[in-house]
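Take a look at the following structure, please.
The chains carry the letters A, B, C and D, assigned in the order they are written, with residues numbered from 1 in each.
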Amino acid sequence: MARYATDMRVNVLYFGTLKDLFALPHEPLDVPDGATVETTLSLLRARTSKQSEVWRALAVAVNREYAGPATVLHEGDEVALLPPVSGGTQGRCER
Amino acid sequence: MARYATDMRVNVLYFGTLKDLFALPHEPLDVPDGATVETTLSLLRARTSKQSEVWRALAVAVNREYAGPATVLHEGDEVALLPPVSGGTQGRCER
Amino acid sequence: MRVELGTAIIPSAQVLEEMKGSTDGAVCVFDGIVRDNTCGRMTLFLDYEAYEEMALSQMRVLAAEALTRFPIRDVALLHRLGRLEVGETSVLIVVASAHRGAAFDACRWLIDTLKKTVPIWKKEHFADGVVWAAGEPFPDEIVAARETRETHE
Amino acid sequence: MRVELGTAIIPSAQVLEEMKGSTDGAVCVFDGIVRDNTCGRMTLFLDYEAYEEMALSQMRVLAAEALTRFPIRDVALLHRLGRLEVGETSVLIVVASAHRGAAFDACRWLIDTLKKTVPIWKKEHFADGVVWAAGEPFPDEIVAARETRETHE
């Protein structure tokens, strides 16, 4: 992706299944000035094929706090893509 | 209390405040043949004065099982008078 | 199922470890300990006494009923008697289960039911006096005195 | 307040004993341990990973919120990371309180909320394969992707 003068750079972090999907734990990403969480997700989503499930229940943290889709990003932000968490012990069986 | 030919003897056990009230942990008691838990409680109650509070919330166990007022007693039964229990830890403050 | 009633110190930590099994995902513990006060009144120590034979059998009935009512694997239910100092455990409940919801539900049901139905009483020795602790009312089905009261008062 | 996230074994029994205070009447513990199976599928071990800085700060927020929401005295919240064997503790919650109701309520709220909001994931290593465990859905207020999904699908 070319970098324009009006782009800014954020650091994207992948966890859980997303880390496997993108085959890396984090990467710098150039996004348009004024980009939101939603814009960024769309950009990333466009780079993968057919993995719709993982995108459905995703949460995003910006600088280590949960952030809604309309959140505006800034140069240097840490943007983490978080699949549904599964700490604690194992959950119930789905039957 | 005189013992009649038709009386039977049960063993009465006192716990908690009742043990203090009767000033002993247990005693044999002669009750009429066919006496119920209720009859027995009435007999005992007649022996004490003004201690109405303790009788209100009493439970009775016959031979180590909770028994209702209509339960009929038999010769040799173990009849325990139980004030409200307070096992576990201390309860809430009543304010 | 482990049910005990006696004067020995309850080894909470050890019971917790011993209750864990390989099919368990959740262990819920209730450890009831002697507070240094009741409603601000300073406690020196407590003295627990029981209708021992009945209390132990009631505890066994409760533990067995918990195993029937809730999808849990195992239960420990221990109550101590005699003189207990501040900070010591009077009652310990441990429930082991595959899933946490049942473990919490069973543990809470056990302590709530024990406190209303198991014949154990305590004398509170305060800095300024001694009293039998007020118990919670018996559940309706085991109040023997109700009809007596209504008939004779 | 004791909040820890790391690879060291969680000493459940020790934390339980250390959390007891003289004003406490009730201690409620949730000890989450690694089961030997998930829905009948045999587990070899689990591998927990976290967004560590965020997970730890979220755990601190939860513990502090529990102390505000419930009338309790103290909270311990420990989660382990890395490879865990069957029977080992992955999460430990201990709540100490004067009364039992609050201790139970806070303990359960903590594990339920932790499991939905603290960024920790686990890979289940089964005898016949490896999968990321399916998490519970995020609470509505933190699902970032909802509008994206609706707009772009």
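One rule holds for everything that comes next: a residue touches a chain if its C-beta (ideal position, glycine included) is under 8 Å from a C-beta of that chain, and two chains touch if they have at least 3 such contacts.
Predicted, not measured: the structure shown is a model, and the values here were computed from it.
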Remaining connected clusters, assuming chain C were absent and nothing shifted: one piece
Separation of chain A from chain C, taking each centre as the mean of its C-alpha atoms, in whole Å: 50
Interchain centroid distance [CA atoms averaged], chain A/chain B, Å: 71
Computed distance of Cα centres, chain D from chain C, in Å: 27
Residue numbers of chain A (touch at least two other chains): 88-90
Where chain D touches two or more other chains, by residue: 25-26, 32-35, 100, 111
Touch-based graph of the chains, sorted into line, ring, star, complete or other: other
Set of all touching chain pairs, with the criterion as stated earlier: A-C, A-D, B-C, B-D, C-D
Sites on chain C touched by chain D in the complex: 12-14, 16-17, 20, 22-37, 86-87, 98, 100, 103-104, 107-108, 111
Chain A partner contacts - residues on chain D that touch it in the complex: 32-35, 38-40, 48-51, 53-55, 57, 79, 90-91, 111, 114-122, 124, 132-138, 141-149, 151-153
For the chain A and chain C complex, residues of the former touching the latter: 88-90, 92
Of all residues in chain A, those that touch chain D in their complex: 13, 15-17, 20, 37-38, 41-42, 45, 52, 55-61, 64-71, 80, 82-91, 93-95
Touching residues (chain side chain C, partner chain A) in the complex: 25-26, 99-100
